[in-house]
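Before anything else, here is the set of structures, which you'll find just below.
Two complexes come next, and they have one chain in common, chain A, joined by chain B in the first and chain C in the second.
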Partner chain A sequence: MTRFILKRIGLALITLFLLSVIVFAISTILPGNVGRSVLGPFATQESVDALNEQLGTNRPIIEQYWDWASGLVQGDLGTSLTLQVPAWDLLQPALENSLKLALVAFLICVPVSIVGGVIAGLRYGGITDKGITIAGISFAAMPEFVTGIILILIFGIWLGWLPVTAQAPEGSNLLTQVKYLLLPALTLTLVLFGYIARITRAGMIDALDSDYTRTAYLKGLPSSVVVRKHVLRNALLPTIAVVAVQVGYLVGGLVAVEVLFNYQGIGLLIYESAREKDLPLLTAGVLVVGIVYLIVTLIADILYAMLNPRIRFGTAE
Partner chain B sequence: MSAVAAPEPTPTPVTARSESRAARSERLRLLLRTPTVLIGVLVIGFWVFCALFPGIVCPYNPIFDNQLPTSEPPSWAYPFGTDTNGRDVFSRVLAGSRSVLLIAPAAVIIGTVLGTTLGLITGYFRGVVDDVTGRFIDAVLALPLIVTAILIVTAVGSSSRWVVALTIGLIFTPVISRTVRAAVLAEAELDYVQAARLRGERPPYIMFSEILPNVLAPIVVEFTVRLGYAIFAVATLTFIGFGVQPPSPDWAAQINQYYTFIDPYWWMTLFPALAIASLVVSVNLVADGVREVYER
Partner chain C sequence: MDRNTRRTVEEYRGTDAGSLENNLIDELVNGELDRQEFLQRATMFGLSVGAIGALLRYVGEPELAFAASEAVRAGGTIRVGLPAGGSLEPYLLNDGGALALAGIPGEYLTFTNPQAKVVPWLATGWKPNKDASVWTFQLRKGVKFHNGKEMTSADVVASMKQYVGKGSNAGLSPFFDASGVSAAGKYTVVFRLKAPLGAFPYLMSQTTYQAIIQPASIAATPGAWVKSGMIGTGAFKLKSLVEKRSAELVRHTAYWGGRPPLDGVKVTYFTGSAPLVLALRGGQIDLAMQLSPQEAQPFKNNSKFKYYAQPTSAHRQLCMRTDQGVLRDARVRRAVALAINRPQQLGKVMLGAGEIGNDTPFWKQFASTDPSINQRKQNIQLAKALLKAANAENLKFNITTWNFLDHTDHAASIQAYAREAGIEVGLEVMDVSKYYDSEPAGADYATTTPWLNRTCSLTEYGWRGVPNLYLSRCYMATGDWNASHYKNPKFDAISKTYLEAPDLPTQRKATKQMSGILLQDTPVITDYFINYTTASSSKVKNYVPEGISHVRLAKVGLA
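On to the complex of A and B.
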């Protein structure tokens, strides 16, 4: 078990290193001339040279990466070009806001999707199953901003139940904040529902079809006990892995949702830094998104291992 | 024809080909018998038709300012209303499928060609190349598609439609190569690959002429699934202002232009949004059917 966890942490660190190389390569090598690409074709050569000097992008690539990466290790994510403040000072509050939104979305989404998947699995092949599956595929397929617009129209404008912006007024209590977050969270929920419900459903069908379930039925257990003690425990295991992967997706989905609802999260910050051509801030934001994803999948991996007796007792990897 | 071919002791390449053709037409028949696939195909067909012949389907000019009254709510004369520039929203929605139906398939074709090549190479050679690529792919997958796309488009400094197509294609490459690699790994163990190797065939020949035809099924499935994601990604990028720009009637570009006026001008945003929804849902219904037919 300890070996398993250490191995996963090691792998995550390697992935993190490669991630930093990729992000660095895209943001530094791809533009060719960073100063030119930030300032545009009409800037004078002097101002381009000056910006390259200031950013240090006129030095050899390896040296640049080394400087940037050793800064990262010490917690220095670089400096925003347009605002001239450390990128982390902007990213930290944005990340907190995004995590708040993601948390509300998850608290709604995970139970609803699992229940949906379990029902679909129990009613495998029936009308309820088809309905849940098709609704899941449809919502998962729709871009978040499309779902968001439809929800804004129905619940925000026509029914007038919920506020259409996500940012609660300054100093409002927790309940009001959650109320403001409901529409964007619901948008993310609808998109995630399909993925999570699908995996839960597949897990249910597998478990229902297994020998141990048949044995449980044949030894005379009531079906509620069979489902609760035998089927669910096995069916929900793969769901955990999917939920973790979807967190990564969630952060990507946040960009569109935060732009639509004008919510000051990391998605909106990434969007704004891209519009302002603030490459250092954008690079830092992208890297933070990647790190969040790696941490969440690492936790999910470990959780999965702890819940799965085959890994817990070290009989399989 | 398969009934005649079956008892033959040594199937010649010709019967093998006709058998695979039979399997293909059987799959197609199965596909078109699934109601969800049929609905999907019809809706996609409708949008492709609109993209090809906007002149026939649009009652008004979708791009240039018309002399219509501005910001009219939906009525019999203008079923989807008019926008703030006096353009008929119905005409703009009908003309709006064009760019996404160009960019998304282009992106998936780029991704499929590159991803298949990479998957064949890593799956066939395995070893160090495979390990290193695998680690890199893990790292790429740690970033959400849209976030990576925003970074690339900003770094390149241009978000023309072909930059967007190439960007999304490149981001799809690792994912597709994973799928192809897994299929190649299973295939490379089989006798015909060993035989080709013993015959002294070169690796490129074995990969592309021997293995590739046998891993087409997962590639087809991956292609249709990715097409849905590509439309999703292109629309999202356009919505946040990268890619096609106004005055193009592109759906996401329309939404980008008008979503801040959604109250009270809801029709300028809702109808393009429903159009996007109809297209992505259709593509995904078809993709789901394809997956079911190919993976049974």
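On to the complex of A and C.
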């Protein structure tokens, strides 16, 4: 297992390096330049050139990358070009926000979706199965922006039960923070429910139809024991992989939800830095999300290996 | 008129008033200026309230009256929603959200009020020399920065030197350079301009939103203002700032304008206008900085909210290339302009929140605008005849613009009207970064960026108290925003006369001549000026919106 984890970490480091190179490389084809982005369209070309010179953004991209990477080795994620503050000062609160939202969404979405998928799998072909499947597909097909607006209108404006924006006031206690995060978390639950529930349902159907389940029933075990001990353990394996991928999305890919609920998460920060061509901030942001994503994937791989001896032993050999 | 008034005026004319002020008084006495115009000019030349009052009495006009404010409860914190902005450093300011936040702790030498009059602010008065090439500003005494230090001429000089420096976005360097601003005593600052400029006091107001007065020690280092806590002279001082997210400000108890009623201000940035509208609807903010007329509409007849619509000189310019392409012929450009039903368009696109334009940048409320120019109206027959005469009956072209507020609807509206005259118009709607970038990225900006180089482009221009900026940068041959590539030496000569003229009759004569030329040549269609629209909760009292996006809260209170 140790070798398995070390191998994964090594691969993660290579992935992060490649990620940073790709972000810098792609940025060269993004429209706009930093000076123009900071000073705006109506600034004179002289002012734009002077600012680019001042910020060093008129240097070759390789030189800029080398500077940034040299700082990174020493633990410095760089300085935002547009705001002239350390990138970490911007990324840290945004990452904290994203993790909070991801956690609340995760805690609502994953159990609800798994329970939905399990019930649908157990009631395969019945009305409950069809109801869950159709509802899941419908919510998944709806853009998160639309789902969010519907929830805001119902719970935020008409009923007035929940805050419209997700950012709780400074110094709020845990309950208040959760209250502020409920609407975006519910939006994400609706978006992800169909996907996770369908994977769980498919796993359940496969597991219920397998030889070992039939054997367990023939042994005379009660249904609840068969499902808990034999079916779920196997049926949830693909779900774990899917959930791990969604965590990456929940942390770094929620631009539309963050915009709608005016929540300053890391996805929105990365989007804005890309728009402003703020390369150090953009690359540092992508890297931070990449690290979160790789950590979650690693945890999922370990869980998967623990639940599936074939993977564990195969890797160890 | 009583004897005292006569004596006051005569003394003023003989001692304090220079030739410009005496000309102004002559114009008033001779009936060449009405009350409104006189007030506009008098404040621009820095006449004191006492002198203005005496002169009004002298010609039999009622004295100045000030609008009474609503009574407000002291205390409370207002929650303001702003569109997410960029850098808050004054010399870099370029967007509404950032300038609105920076403009709460920061203030300016003068103030252009909603009626387009420049009035005293951190400066109490100003005087030009004979040809308006040297301007002397008297500073208000006893103004305290948030750090407790008194504002003096050294602070103003240091701030202005920063704003004319390299990389500054203030756009002041064409008018004076660092050596052109100097102190002449603790409370006097002298500006020696590169060329005469009659409207210079306007440039020192919040319409040049970068020109915030900072303490000299901070202004000496560009980029130090935000790190130093945004120390200004405004009614509220910064308590905390989370870049790109929010800010909290508290009352500046030593504010020169009197104790502000509010305890503080909480500012939240919003990315996109939909969340801003929803937050106001949901009661999570009290005031939104700016909304489109469509977004503000639901708040209009709702007792829980207040709707604001402030007429401004902000407008859209449909620029048509005069030097090449299918719109090169002035008759063709006139035909496009004649196809538009302006009142109908204003109603549909802006829900009536604006005033129709006459293809010039001369807003009706500018004192220099000549009111005798006939309004251009829709005339499809004439448009068709012009196209025929220009041999352009199968005219086809694209309007290039970007997805901003009313632009797309506006372009589509022109497309529909043009069809009535047999003109086929296509739409090219871009993202902001593409519209305002060089094409391809990295190419020479001025000669490739779509907004300055397409056959026809639709671009937004913000509110100003005088049309100088529009003229010098959009219409004159030397202008760097001249998207129609318009070159008319006669027009340029009249523009120059206008820009240098300190007296209204000369300016008005010039705008009349320029209007005639522009209606003939039609390099730009300005079919409407927009109202600055927004909304607040009904508990917000005494709020007056400003066309440039500032959120002025010194007198605002909560019910």
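To be clear about the criterion, the second predicted complex is superposed on the first by the 261 of 317 C-alpha atoms of A that agree within 3 Å, B and C clash if a C-alpha of one lies under 4 Å from a C-alpha of the other, contacts with A are read in each partner's own complex, and residues count from 1 in each chain.
The rule is short, and it goes like this: contacts are C-beta pairs under 8 Å (C-beta built on N, C-alpha and C of every residue); 3 or more make two chains touch, one makes a residue touch a chain.
Here the structure is a predicted model, which is why all the values come from computation and not from measurement.
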Partner chain in contact with A:A43 - chain B first, chain C second, else both or neither: second
Chain B versus chain C as contact partner of A:L90, first or second or both or neither: second
Partner chain in contact with A:L232 - chain B first, chain C second, else both or neither: neither
A:L51 touches, of chain B and chain C: first, second, both or neither? second
First (chain B), second (chain C), both or neither touched by A:E144: first
Touched partner set for A:I157, first chain B, second chain C, both or neither: both
Contacts of A:V259 with chain B and chain C, given as first, second, both or neither: both
Partner chain in contact with A:R275 - chain B first, chain C second, else both or neither: both
Partner chain(s) touched by A:C109 [first = chain B, second = chain C, both, neither]: neither
Doubly contacted chain A residues - partners chain C and chain B: 30-31, 37, 40, 149, 152, 156-157, 164, 259-260, 275
Residue ranges of chain B in contact with chain A within the complex: 36, 135-136, 138-148, 150-157, 228, 232, 235-236, 239-242, 252, 255, 259, 262-263, 266, 269-270, 273-274, 276-277, 280-281, 283-285, 288
Complex contact set, residues of chain A against chain C: 29-33, 36-48, 50-51, 54, 82-85, 89-90, 93, 149, 152, 156-157, 160, 163-165, 167, 170, 258-262, 264, 268-269, 272, 275-276
Residues of chain C touching chain A in the complex: 84, 86-87, 89, 92, 94-95, 166-169, 171, 223, 240, 242-246, 248, 268-272, 274-276, 278-279, 281-284, 431-437, 441-442, 445-446, 451, 480-481
Interfacial residue positions of chain A with respect to chain B in the complex: 11, 14-16, 18-19, 21-23, 26-27, 30-31, 37, 40, 134, 137-138, 140-146, 149-150, 152-153, 156-157, 164, 248-249, 251-253, 255-256, 259-260, 270-271, 274-275, 277, 279, 282-283, 286, 289-290, 293-294, 297
